[in-house]
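After this come two complexes, each holding chain A, first together with chain B and then together with chain C.
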Partner chain A sequence: MATFLIRRTIGAILVMLAVTFIVFLIFIIVPGGGKLGTAQRIAGKNATPQNVLNIEHAWGFDKPFYVQYGLMIKRMFTNNLVSYTSQQPVLSQIKQGIPATFSLTIGAALIWVFFGVLVGVISAVTAGRLSDRLITILALVGISMPVFWLGLVTRYLLAEKNSFFPDGEYYPLTANPLQWAYHLILPWLVLAVLFIGFYGRVLRGNILDTINEDYVRTAKAKGLASRRVLVKHVLRNSLIPIVTLFGLDFAGVLGGGAILTETVFDLHGVGQYAAQSINNFDLPPIMGVTMYGAFFIVLFSVLVDIFYAYLDPRIRPT
Partner chain B sequence: MAERLLDVKDLQVHFNTEDGIVHAVDGVSFDLERGKVLGIVGESGSGKSVTAMTLLGLTRDVNTRFQGEVLYKGRDLLKLPETAMQDFRGNEMGMIFQDPMTSLNPVYRIGNQIVEAIRTHEDIDKGRAKRRAVDLLRQVGIPRPDVRVDDYPHQFSGGMRQRAMIAMALSCNPDVLIADEPTTALDVTIQAQIIELIDRLKDDFNSAVILITHDLGVVADVADEIIVMYAGRVVERGAKRQVFYDPQMPYTWGLLGSIPRLDRPKPKRLASITGSPPSLINLPRGCKFRPRCPHAFDKCIEEPDLVNRVEEPGHLDRCWLSVQEKRAVRDRTIRGEEEAA
Partner chain C sequence: MAQPATETEFTLDTAAELAAEESGAVIRGRSPWYLAWRRLRRNFVAFAFLGLFVLIVVACILAPLYAHHVAHSGPSNEHVLDTITVHGTKVDVVSKGGVLGGKLVASTPVGPQWFAAGGKYVLGADQLGRDIAVRLLYGGRTSLFVGIVSSLICVVAATILALLAGFYGGWLDFVITRFFDLFYAFPVILLGIALGAALAINGIHLGPIRANSGNIMIPTLVISYVLIPYVGRPLRGQVLSLRQKEFIEAAVAQGAGPLRIMFTELLPNVASSILVFFTLIVANNIVLEAALSFLGAGVQPPTPSWGTLISDGQGLIVTRPWFAIMPGLAIVLTVLALNVFGDGLRDALDPRAKVKIEH
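Take a look at the complex of A and B:
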């Protein structure tokens, strides 16, 4: 197990290195435009010619590409990545967004996992009957509804037209947990709807596959009660593929992937920070958020691998 | 006379499907006494597995229809509610399946799966259940059972997994052990060991065995009585000696002919039964084996009953040919000479 962990960690670090290189390629090399053009892009829309010259020098755009890469890495890891448009260091901006993003992700994930599993189990157990058909339709509706549309409509109907819920913005957990949850209910539900439908469909399929496995027949032949067969033998095995799905989705939202939800509800999370930066053609924050998001994806794929080994002894390293 | 454990009377199992009604089992009767081994032989789709699963109530479904009786110690299992059936499964009747590679849950330890079976039916603590699991594994011939009890199924070989399945099926000391093609997925060298093991444990556990197979060779050693099934029906039934040495049904001849023999001159090619089993939705009229039977004649358009036609009682068959005719043509059919001629 220890060697597995070490190997997997080294692998993750290498992937992160590759990500930095790809970020470098995408943001600095590929767009081209010569050293001044590159500096201009980094500097943002309203930079003075002197600013652009300074940036060209500071980022080393007049030097060979490996020097530029080295300088970019150094800048990222020494907390010197700065948005020239807003004059704010990127890292502190991301840090400011983390409470909102984490709150949104964790709450929504709890909701979508709980209801996704519930929906999947109910529709698999009643497969082919009316409840299954209804759930299937609802799930497809949930999957098909664009988050920005659903978010805007619910916000308009429930927060603006009628004041059932607060109208957007994040409320710090430490200040008042009740207000925190109250502010987040709508974003949680809106973000979860898509995942509930999707997880429900995937789980339904997995359960229907697993239910025909020979070991499920063995479990029945042992005389287990049907509920125990369903939970211990069918569900336990059907959930294994869901873990991968969940790890990556969770990491994606944690890494600022819920750009639309955060923006629609004005949560000031990392995703919204990314959206604003894209709007302003502000490259350094986008680079920073890309790295931040990639970090969570890589981290959670390692965690998923470890958890997978726990769930399925066949792939457990010996 | 030994205690009669099972008495199946005119069992019918029909599945309603979108394509029509599948007559999976159509009028099967047999009985089983303690200490005996009943062999059920037939091709795929002959209804032997459905019969076995029905004994345990595993074919119950909204689209399944049952008729007849399955009397276990006098109680009709077909009429038991599902919850009562759960107490019964594994406890009074244990079952082992064809493919040991897929019949154990890959994510639980072997020992835990046996413990689960024990604790479903008996109120004992985990430690005692586990010690019993170790004992069971020892009885089925798993080396170092105290260590291997904590292995996962993928750490066992196919033969060991089937032994573990047998240990699990016997864990609550059932009176009837149903083995559904227990050796089909195993190496030939392991097959005989598993059959011997089942036969020995039957005596140790003082139970009866239903051994289902498509291979007459498998039941040749251990079965006391054999029923041959075709298209959901019993087509021949008798003591092992009668079925092997005086087979009355051309279908049985075909099965006997398909066993490769080393003690006879090598045939040009291994005999086989031509054609394939009939669809269980649209069964042929009359004798169900008629379309594939080399000896079919006019009378076969009517279905023969399963009755005693030979001198010895207890040996039943469904064939219109006279006993003399059968004995005259039988050996050539078994050797596959009709085709060559």
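Take a look at the complex of A and C:
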């Protein structure tokens, strides 16, 4: 277990290093445009020529690329990444958005896992019948809907035209848990819809595969109740791929994937911070959110792997 | 695990075939593609949705006809100060805002006229007096172009990488799979935004690749690039297992070169997967384009796309809800059609994936 831990950690550190290099490529090298063009991009659209010159010097755009890379890394790890449009340090802005993003993601994740499993089981048990077909169609519709459009329409119908729900904005959990949940119900459901459809379909396929396994037939043959066979034998094994999927999706949404839902419902989370920066063509916040988000995902995947290794000794060597 | 499909497939013509066999007739050999086509042919739902997709594509292709002969206005023609005649009365295309009766009133464009204004403003106007129905059709052209072209690029690149990695193995495989893995560390939407935003400002000026900031190829390239790992990784797995099969060994023994093995032996065997991936990736990319454009990191105004239209309509959602709803509906229908057809295609091409029902 110890060697597994060490190997996994070293691997994660290497990936994080590669992530910083990718961020450097995306924002500084790939768009090109020479030293002034690069500085202008970082400076934002309202920068004066003097600002651009200062940035060109401070970020080392007149120096070789490895110096630029070093300066960028130093800036990011010493909390010196500043938005030149709003003059706010990026890290502190991200920290402010974390409660909203976490509340949104955790709540939505609980909803999508619960309903995803429910939908998957119902449609697998009734495979081929009307309820299964209905669920399949609904799941496909759910997968086909752009989340921001669904958010926009539900917000309009349920919060603006009729006021069943508050019209956007995040309410801190510490101030009033009831108001917190009330403000988040719509965003939770909207964010969960896509995943419910997706998980339901995956689980349905898994269950239908597992049902044909020998041990399930054995369980049936020895006279176990079909409900017990379904829960204890079939579902247990069908859920394994779902658990893997969930680890990745949850980390992805937490690491910035909820940007659309946050923006549409005005939740002031980390994602919305990045989205607002796009409109001002303000790159440093997007750089920060991309990199810290990827770090978070890498970290989370290590934790998930360790958790698996703890649960299932067979995967430790790899 | 699923077993290879060895059981005979009974179809409507099976009886006739058996009779023909008994009387000594020679049975024609059938290619896997023909068998797949025969399975697909029976899937009416998949065909209905393919028809829906074709209908949407044709409608968008005919956008200039609609603009010219029905709406009498191009997608970027502004009519802020114009008036239209509805049932004999004159109506401002964009009502004048200002202080009215002591209250500040925002200027509002006309809502959907359906056919009351003689084909003009069927779905209303936007803040600049542009015809939304025309923009919806032209936006569809942009969205479909970005979705289809980006998927083509993505699938071709992913296939080449997967073939190289799966065929050569060794360090090349190591580099390519690490490249795939690395991009799993970024949420797709965030990577798209990062690239889209960085390239939207001054365009791209990297060696021979040059595009200005408004160029539609920028979001197309960004979207195709972001999804390469998601197609490449599963394909590489397939190539890797095919690589161990006897027919590859036979090809090597015959003296076939790497290129021939990759493109005439391996590629046809993953072609059905590629086709399914392509359909589903087009659906996915249309949504991704809309999301990026909605956030301002995709197609740049004034070019209409379904994403930018939703973004334009967001500000008017309370007074003119149809403005934001219609482009979204267009996306849902298009993507749903592709998803359903893609599902049918997968069932037809890969019988092992067919659901077995046992009660």
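FYI, the second predicted complex is superposed on the first by the 303 of 318 C-alpha atoms of A that agree within 3 Å, B and C clash if a C-alpha of one lies under 4 Å from a C-alpha of the other, contacts with A are read in each partner's own complex, and residues count from 1 in each chain.
Operating definition for what follows: contacts are C-beta pairs under 8 Å (C-beta built on N, C-alpha and C of every residue); 3 or more make two chains touch, one makes a residue touch a chain.
Here the structure is a predicted model, which is why all the values come from computation and not from measurement.
Contacts of A:31 after superposition: chain C is touched, whereas chain B is not reached. Once the two complexes are overlaid on the shared chain, A:236 sits against chain B while remaining clear of chain C. Contact with chain C, but none with chain B, is seen for A:15 once the two complexes are overlaid on the shared chain. In the superposition on chain A, A:143 makes contact with chain C only, while chain B stays out of contact range. Partner contacting the larger number of chain A residues, of chain B and chain C: C. Touch criterion met: A:220 reaches chain B, while chain C stays clear of it.
When the shared chain is aligned, no partner comes close enough to touch A:110: not chain B, not chain C. In the superposition on chain A, A:253 contacts chain C only, with no contact to chain B.
In the superposition on chain A, no residue of chain A contacts both chain B and chain C. Chain A contributes residues 15, 18-19, 22-23, 26-27, 29-34, 37, 40-41, 45, 127-128, 140-141, 143-150, 152-153, 155-156, 160-161, 205, 208-209, 211-212, 248, 252-253, 255-257, 259-260, 263, 274-275, 277-279, 281, 283, 286-287, 289-290, 293-294, 297-298, 301 to its touches with chain C in the complex.
Here chain C touches chain A in the complex through residues 1-2, 178, 181-191, 193-195, 197-207, 283, 287, 290-291, 294-297, 310, 314, 317-318, 321, 324-325, 327-328, 331-332, 335-336, 339-340, 343, 355-358, going by the rule given at the top. Residues 213-215, 217-226, 232-233, 236-237, 240, 311-314 of chain A touch chain B in their complex. Listing the residues of chain B that touch chain A in their complex gives 56, 58, 82-83, 86-91, 94-95, 97, 99, 102-107, 116-117, 120-121, 152, 154, 165, 168-169.
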